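Please read the structure below before turning to the comments.
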Amino acid sequence: MDLFIEGDPIADTKAPEGPIETRWDRRRFEAKLVNPANRRKMTVIVVGTGLAGGSAAATLAEQGYQVKSYCYQDSPRRAHSIAAQGGINAAKNYRNDGDSVHRLFYDTVKGGDFRSRESNVHRLAEVSVNIIDQCVAQGVPFAREYGGLLDTRSFGGAQVQRTFYARGQTGQQLLLGAYQALERQIGLGNVEMNARHEMLELIIVDGKARGIVVRDLVTGEITTEMADAVVLASGGYGNVFYLSTNAKGCNVTATWRAHRKGAYFANPCYTQIHPTCIPVSGDHQSKLTLMSESLRNDGRVWVPKAKGDDRAPRDIPEDERDYYLERIYPSFGNLVPRDIASRAAKNVCDEGRGVGPTKLGVYLDFADAINRLGRKAIEAKYGNLFEMYERITGEDPYEVPMRIYPAVHYTMGGLWVDYDLQSTIPGLFVIGEANFSDHGANRLGASALMQGLADGYFVLPSTIANYLASGPFDKVEASHPAVVEARADVEDRIQRLLAVDGDRTVDSFHRELGQIMWEHCGMERSEAGLRKAIDEIRALREQFWQRVRVPGDGEGLNQSLEKAGRVADFFELAELMCIDALHRGESCGGHFRAEHQTPDGEAQRDDEHFAYVAAWEYTGTGEPSVLHKEDLKFEYVHPTQRSYK
Amino acid sequence: MAVTGLLLVLFLVAHMLGNLKVFTGETSFDHYAHWLRDIGTPLLPHTWYLWIQRTVLTVAVVAHIVAATVLARRARAARPVKYAHRKKVQGSYAARTMRWGGVIILLFVIYHILDLTTGHLNPQGDASNPYGNVVADFAPERWYVTLFYTLAVVTVGFHLRHGAFSAFRSLGQQTPKGERRARTGALVLAVALCAGYLVVPFAVLTGLVS
Amino acid sequence: MNLTLRIWRQKGPEDKGRMVTYQVDDVSPDMSFLEMLDVLNERLILAGEEPVAFDHDCREGICGMCGLMINGDAHGPQRGTTACQLHMRQFSDGETIDIEPWRARAFPVIKDLVVNRNAFDKIIAAGGYITAPTGSAPEAHSTPVAKANADAAFESAACIGCGACVAACPNGSGMLFTAAKVTQLSLLPQGQPERYTRVIGMVDAHDEAGFGGCTNAGECTVVCPKGIPLNTIGRLNRDYLAATAKRGDTPGT
């Protein structure tokens, strides 16, 4: 293949040796410390204020570091972690149902389809219990039982009830907890908060990450910000598909800029497609809305047996309906994991049995549950979700079955980090969804919140000290050649975007890119499709730089300019995603290759050839990236074929 | 606002009960009016209590107005650019008319004092015969006085409907159940006071009291 | 659907601003309100005009970033709904729709429909938290919380900080926002130690930011997309009265 070059494998992930349950303790003990007086002399930049970034900035400030925090939203409270609905996993075993740190570790490695690092996942499971304590102390109003103790519920991929929740707004409540801790530090003067600022470049001095170039989105001013270390907590890149459940502003720019400066990008092709989203209603669609997975507890998924059956759902008799999940997966039925449910929906739609105006949808029917439990009970359980559905679609799900379709939801890939969450650039740390570390090829429900907060509250604040112990580093002046160059690059790029003055809008390019990605790098990928996608992306990227129209100038608020910069980076990322998907000749988790399936259509993993993390090194736009493999060793969890039949 | 408002409400209740004595006949009503001047005697000299009460009420009224003015000025400062398109306040009519209602009530109170306390604007104006003053005031041919009085009392009713609820809230009424009670209480109070005050002029108007 | 939009256009904080009329045709009733604005913006860009700047992010009603005064109604005519979740089927063909930014001294306009809501962050920074540095937390089950209190705390915690309460308040007051946080934290045992310093700090920050005073008009709770109840303000008042009474003997106030 001419698309990439294979480089040296990654030798050291810095994970300590020894029994897995002792590794995190050992790492913390062996790490160097920074004494409190020296902490005040050191500055850490944190980009992003979601669960990971918000909690990290607050915690680092509590420890005594000077923190500068950046977010593109108007307030740190608006980061997209806020939209997480379901819950957060923790191995508290309050239910006495056989849960333990080891079981959470095991479930997460298995759920990730054996493509994550055991040491990291075990640490995540250990820290999970502290997160709940921390959040309760902050006043997060988790759901409680009548006795006043915390309630938990079950979630996909686990047989124990370990998911803590705050109605359908767990992400919001956890984020507000972190945000309040952050605001407290802002009030105390320990954090300098820069809302409506976007990071556009990473500054590397003497091989170390020493700062960032940011644009003030209100004034348009471009400044260089220096620090002793940089932490990226800028989230995932699901918006490369244009339509996703991500917020409109979610972007890859911070991590992609770091990648271009030398940080490896790991497993970019691992994307999670969530099965229960409200289908696209027309060309105007700007984003997709998730309907909680919990709906599948009581709703039955079906499509008509006959192709092109246009009758209203209630007019289709029972024996002409195909409850396909119950038919194909009798033991798990409607509760199969996300990747399986999503692909099954795609398959029935591909057969021409999809429903709704676009034929890209399946029914999620509550008629049986309403008959069995009564409308009241269903209202109590899902009332707010039903209302939301009605607001968006104008249909009453108590009367007409919901229509749902899968949508891009989360990206497991991200910047490669070692056990310390440090990227391949010294001094550049990456946390939360922005890194690749803990979920392997598929993330379990309620694990994203756990990982974001584990990284931000507990892991990073310990591991970054080991790096900063060799500081404070020499002060870098704004006149340093590396700083001047980074700044000039940003200014030049903005000028280039403004100068094109073509005849197409940024959104029209983004939408077209998204269609290519969804078609060829979405729920099912094939060699031919991916090769076609790469060609199409390259051609479209060229068009973009010749025909995009960005109105206005770089001074002041210019939302089109913001979007243009983000889409330009998505183009480059999209190509790498396709290359990664193309090179991974197996199906695992969120990555399903048509060529690699079992005779009955299930994902076929290839542990012999692909039990590794693919970490990509940037060599220039249009140049082949270099692939570095990090072999995955499984000492505690033996890889098996997942089966839900 | 809440504390001064509640003081004024207490006065309104007492004043209304006094007014209703008009139905007990001329002698009884005039006796009541004179007795007011003797409350506290012999501990306090003649009319001292009344003057103490008048002072307290005046202070309350002034404080109430000052607080309202401060709030109104803050509200104006808090929104320097007005909306081009503004929907009516959806909370309640009463809440929306607090400020102008307050001004109307103030004007009425001034008139009312000049009318029935000092007698300057009263057709009879005999301090020794308040009963006669009332009857003369609301005589059928002076229907416009009754109309103005009615409007003012209804304004007071609206003012109280929101004011009493708001006062409870400002003093820390905090549960949803309590809110329902406070709203109902405020409504009952407003209606009762309106009825209590209006029954007198209408009794005169219809000749029930003469 | 064909619509006439009258939109507030303001180049920057110093510009005076004015309402500008636009015609938008072929609007699908399935579009969200913001998607309708997207359509207008795409057209404006291709016509060489400046698109309308408006804040939005999650477009699923939870981040609190969007905020538009639509026909004089904060977040538009549908109750319990943010502007991003409002759909065009709520409007009728041929309608004229007025779109304005939140108007309050504490929320200065940055551009067009975009305002600066930093004042809310300052209110939180002045006490809207529980001091619990990372690592210091006791075991989560060491303090049970009565379910009723936990549920009521959640109800207040559902605030998304969008500012509709301020936009709709006849006094331009941010009391519902402030009270929601005070209520959440003072209902929980973890929030007790800072209960009185918190309410004083937050109310002071609220007043300093230039918000108006509360007169319990109740407009805020009507437009609140998350239905934060008005009685939270009573809770704030009660705490505030208690706090001011105790001011002398509460350390730190």
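Lettered A, B and C in written order, each chain numbered from 1.
Keep in mind that, in the parts below, a residue touches a chain if its C-beta (ideal position, glycine included) is under 8 Å from a C-beta of that chain, and two chains touch if they have at least 3 such contacts.
On a predicted model such as this, the values are computed, not experimentally measured, just so you know.
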Count of contact steps on the shortest path from subunit A to subunit B: 2
Chain-chain pair with the highest tally of contacting C-beta pairs: A-C
Distance between the centres, which are taken as Cα means, of subunit B and subunit A, whole angstrom: 64
Chain centre separation (subunit A, subunit C; CA means) in Å: 27
Intercentroid distance (Cα basis), subunit C paired with subunit B, Å: 38
Residue numbers on subunit C that touch subunit B, as the complex places them: 6, 8, 17, 19, 69, 71-73, 98, 100, 103-106, 109, 170-173, 210-213, 215-219, 222-223, 229-231, 233-235, 237-238, 241
Residues of subunit C touching subunit A in the complex: 11-12, 28-32, 34-36, 38-39, 42, 44-46, 48-51, 53, 55-65, 78, 80-81, 85-87, 89, 110-111, 114, 116-118, 120-121, 124-126, 128-141, 143-147, 150-151, 153-154, 157-158, 160-161, 184-185, 188, 190-191
Subunit C contact footprint on subunit B (complex, rising order): 1, 70-71, 74-75, 77-87, 89-92, 95-96, 98, 162, 165-166, 168-176, 178-179
Subunit C partner contacts - residues on subunit A that touch it in the complex: 55, 58-59, 62, 73-78, 80, 82-83, 92, 94, 130, 132-134, 136-139, 141-150, 166-167, 169, 172-173, 176, 179-181, 183-184, 186-187, 193, 195, 218, 245, 247-249, 281-282, 284-287, 289-290, 387-388, 391-394, 457-458, 461, 503, 505, 507-508, 549, 551-552, 556-557, 559-560
